[in-house]
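Labels run A, B, C and D following the written order; every chain starts at residue 1.
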Amino acid sequence: MLKNEQQRTFDLVTLGRACIDLNAVEYNRPMEETMTFSKYVGGSPANIAIGAAKLGLKVGFIGKVPSDQHGRFIRSYMKSSGVDVSHMIDDTEGHKAGLAFTEIKSPEECSILMYREQVADLYLRPEEIDESYIADASALLVSGTALAASPSREAVFKAVSIARDHGTKIIFELDYRGYTWKSPQETSVYYSAIAEQADVVIGTRDEFDVLEGMEGGKNEETVSRLFRYRPQLLVIKHGVEGSYAFTKDGSIHRGLAYKSKVLKTFGAGDSYAAAFLYALMTGEEIEKALKYASASAAIVVSKHSSSEAMPTVAEIEQLIADQS
Amino acid sequence: MLKNEQQRTFDLVTLGRACIDLNAVEYNRPMEETMTFSKYVGGSPANIAIGAAKLGLKVGFIGKVPSDQHGRFIRSYMKSSGVDVSHMIDDTEGHKAGLAFTEIKSPEECSILMYREQVADLYLRPEEIDESYIADASALLVSGTALAASPSREAVFKAVSIARDHGTKIIFELDYRGYTWKSPQETSVYYSAIAEQADVVIGTRDEFDVLEGMEGGKNEETVSRLFRYRPQLLVIKHGVEGSYAFTKDGSIHRGLAYKSKVLKTFGAGDSYAAAFLYALMTGEEIEKALKYASASAAIVVSKHSSSEAMPTVAEIEQLIADQS
Amino acid sequence: MLKNEQQRTFDLVTLGRACIDLNAVEYNRPMEETMTFSKYVGGSPANIAIGAAKLGLKVGFIGKVPSDQHGRFIRSYMKSSGVDVSHMIDDTEGHKAGLAFTEIKSPEECSILMYREQVADLYLRPEEIDESYIADASALLVSGTALAASPSREAVFKAVSIARDHGTKIIFELDYRGYTWKSPQETSVYYSAIAEQADVVIGTRDEFDVLEGMEGGKNEETVSRLFRYRPQLLVIKHGVEGSYAFTKDGSIHRGLAYKSKVLKTFGAGDSYAAAFLYALMTGEEIEKALKYASASAAIVVSKHSSSEAMPTVAEIEQLIADQS
Amino acid sequence: MLKNEQQRTFDLVTLGRACIDLNAVEYNRPMEETMTFSKYVGGSPANIAIGAAKLGLKVGFIGKVPSDQHGRFIRSYMKSSGVDVSHMIDDTEGHKAGLAFTEIKSPEECSILMYREQVADLYLRPEEIDESYIADASALLVSGTALAASPSREAVFKAVSIARDHGTKIIFELDYRGYTWKSPQETSVYYSAIAEQADVVIGTRDEFDVLEGMEGGKNEETVSRLFRYRPQLLVIKHGVEGSYAFTKDGSIHRGLAYKSKVLKTFGAGDSYAAAFLYALMTGEEIEKALKYASASAAIVVSKHSSSEAMPTVAEIEQLIADQS
């Protein structure tokens, strides 16, 4: 359902933040004892763009980065990864790149120290959204975090409205980061407004709870509620128990997690989304796409970074073959 | 189409600001020479509620008012006008009532000096919207100004979402006040998002231009664009040239302005909306509703206030008879 | 000690807010029942300037007013009262005049509903202080409220620094309004910083407590603390019990309150300051100045406004004669 | 003049920011090509405290650090460097540590990418200043950057006021960082207010220009202006041309720069201040103190960090001996 049948320039354009990850070089310890950090590109929609490009899709990116050394690094790294950065906008008001210092105490105990004050990505403005760029894409992925504040929030609404006008499929990656929001009620309002207009919604069970403004939500109810609106495909992830894909015609598919030597948990969701979308866009069935997604996630959690660790098709297929 | 056929408790609930108008006692002069001001309740959705109640509809109001003398006055005045104020919420954070000092230099030269910083009405929160109250109303009218800032903006999204769930008709009064918005792009994004979910949209031609993010828009194009979504009825006002009502099935109706001895122009739109909705809700045809609307507006512009001047059915019918 | 011995252009320049008072026309009732308001110029340093000019001093004013009808009224009213308004600056950023709605339930129960969000007076900037204007004044009176926020706070520091450089006497009227400050600690810091540089400090006992960051302070301790710095004269007011003037050389003078048919309590402090300074500037002794101050306050509390009610010398002397 | 003659617990307490430096591991290139960063404690008053403690003074620190991994690192590093951290306060409102990513393109081309939004150090509050801690110190050093925003600004005023009350010498290190201020006028106002109350003021010629609100200021004029107030000793630094120390009794001393194999320029001022103060506090003459200061700066600019590179007395004396 996500094949680029009209042969548009881009299979996928992702919209949202591109940031800096600072990953502990010395790990398995509290971060206060880490004295050296390695720099990577981070941020969910940037990671997905990089991952999808590495798998072979034609990928573009819409977002705002600072006019400084970090912004220039993000731009050049994404470009060298094969992502079109012609619509990555330079911030001219002194906003900074978001930062994520990762702490890896153990595979089970990972945390992130975020710097998200006055970050450039949330200053993307609706008038900076180029209609023709979205019209040239077969699918647009928007990240939930881009809804967290104005004017980026309005830029998402604008992009989604353009996508509907041009028949560009809308993929909504919930990507919920509580610290960027003022209240759960606010999140629920905007997540609902965008989810109702999306063709595909992807998130964890917890993230769908945020969308619905409740706790302990049930998949069947979530699914029946959202299928009253535009969505055709919903993917709900349950961590190590695997994930479920629901289609509007009533089919349900389950994807199981692959075994992995886990180093850290960061980046799992982004690599999942990149491989899942790659498979659907190259014409695979949902079952196969779920395998790709889980395999890709299993590979990334075994490595040190999120963006640089994004696997190739060969690596994914090798892991699937190894564990069949 | 707006008849309360399910016999719900309220014919109409309006949502948005209830403020204070301070009208020049000595007029036909610049305001700096006015030394005395009369106090009235003001704000578009409050005026519409008062006007509709005066005409005989069962009306409720959702909004936030300050916990001070102005807030208590607003509450008691609206209550005495027949509006249900059980869901008027007291602000507990020290926000103030919006103020509008009116300057009447001449019937053609009226202006308003607004106090809109940190006003209580824009602090209505989504979690303060009572689902059952909206479910008990046949129609919900939301004012565009309530979208101007968070958290009131999210409260509108929440209310509209509840109204859709319960089959409460949604009326969107554009009510655009430029000074309350950060940018025209922002306004266009949220006006579009709500208009697409409304059953009825009412505004001036200029306000529809704001909604569409353009200048010099044409009614036919506006209408064909919005009828792709939920709206069933669109009313576009052209000042002294009259107004047009468009229905989704293709009919177009024109309402002509009545003659009036104009004192000031304030309040015309609110009295128009109150009488138009009253007529439709009591089962009149659109043609008749447009006459009621124009007559009601003609009466209010000849008087000193907006809220207190709202006419009765008898006054409206008298004016229509006089000018037939 | 405040005589204009160098024959400077101005006897007194006051610095701070000039606002709008909206006084209840119908009083002895809660404000929600008041339907009409009369407009006056208000704000402590504006009132003192008007009062001092009316008594015959050569008075100037430094402050920022909005570029709107209220701003133009303030300017023209103060000018017509004899105050030099050449250094009253027009705000060009849309800030508004502060408003004070007065509620007079009874002579003992008066309150004020303030509008102080984004008011023009607090946007006076240090670079807008004209050195030569202060150099041309024999005394500069700064109002404590002007210290409540940046950039007005820095403008006060700048003005005080210029006054010291040019031998302009510095009078600090504490004029504490709690709602304009973030915390009592902040107030104490800036009140102390300015009081230490002032020649004369005038305030109520409660206001001196705020300055000292304590409750229940004793006059002797306040006085001994502040006389370690620049102050020469301290005036501490105790309401109906009268007021005390302390001089650095150790003398203490007590002023008693005059009887009055009190209508409301607003404006008492401003009329006190205006008459006290007038007396000292015309060469009277402190004893006489305290009488003038008390008589002036007694007159203003018996009248409806603060600014317009400022008495003449003849009225003050009449009251003193009547009650001797 | 700075000897701890009363045998107070601390020779020196510094007040202001303690932050994180992230220094390029791979340098002599633009930062976008640096992939690894080393973490150090940074921030002028923290560096001076560390440097002074390393030289043997009894040093304490007043400041606020985040309740996170970076905050815990700062606390433990400073403690292990011999600084008393009993009055380092944990921020409980989620503010972050300031960050400085250093870029070393060449010894002549160094720059810093700062993260200073909502940093914990600027949230130190006046009520968090402990009177007895300052009373127990022979000298208090306040950093100019701590004046950049409220409430830290008020905490500085409070600390300086306490120091005056207890005879604690006040050292004002101008430490001007333009990006933390709203306007040069604001800086000039607060720098002047504190400089006038300080015993010693240390800064570059450019920083004294900022204090005086001018460009191209002359040392003699600066000195004659400030000696009208409390200062006894002024140190004005002219980069490679050396520095000048002026005393109130009219003496002038010049310190010359030592030769050094410069790696980067960061940290020079902090190491200068630490050694200069150490020398005066141990009873050396100003001439000797200037030599210590210059030698200490020459050592730090040849090394990779600012804090960790702070020299010992032996290293300083060795360099002085080598270049005599």
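One rule holds in what follows: contacts are C-beta pairs under 8 Å (C-beta built on N, C-alpha and C of every residue); 3 or more make two chains touch, one makes a residue touch a chain.
What you see is a predicted model; the values in this text were computed from it and never measured.
Student: Look at all chain centres (mean of CA atoms) and spot the one farthest from the centre of chain B.
Tutor: That would be chain D.
Student: What is the distance, in whole Å, between the centres of chain A and chain B, each centre taken as the mean of its C-alpha atoms?
Tutor: It comes to 41 Å between the two C-alpha centres.
Student: How many angstrom lie between the CA centroids of chain A and chain C, rounded to a whole number?
Tutor: 60
Student: Quick one: which residues in chain D touch 2 or more of the other chains?
Tutor: none
Student: With chains as vertices and touches as edges, which is it: line, ring, star, complete or other?
Tutor: It is a ring, because the chains touch in a row that closes back on itself.
Student: So which chains end up touching which?
Tutor: Touching chain pairs, listed by label, are A-B, A-D, B-C, C-D.
Student: Residues of chain C touching chain B in their complex?
Tutor: By the definition above, chain C touches chain B via 22, 25, 30-39, 68-70, 72-73, 76, 96, 99, 101, 103, 113, 115, 117-118.
Student: In the complex of these two chains, what residues of chain B are touching chain A?
Tutor: By the definition above, chain B touches chain A via 125-127, 150-151, 154, 157-158, 161, 182-183, 185-186, 188-190, 192-193.
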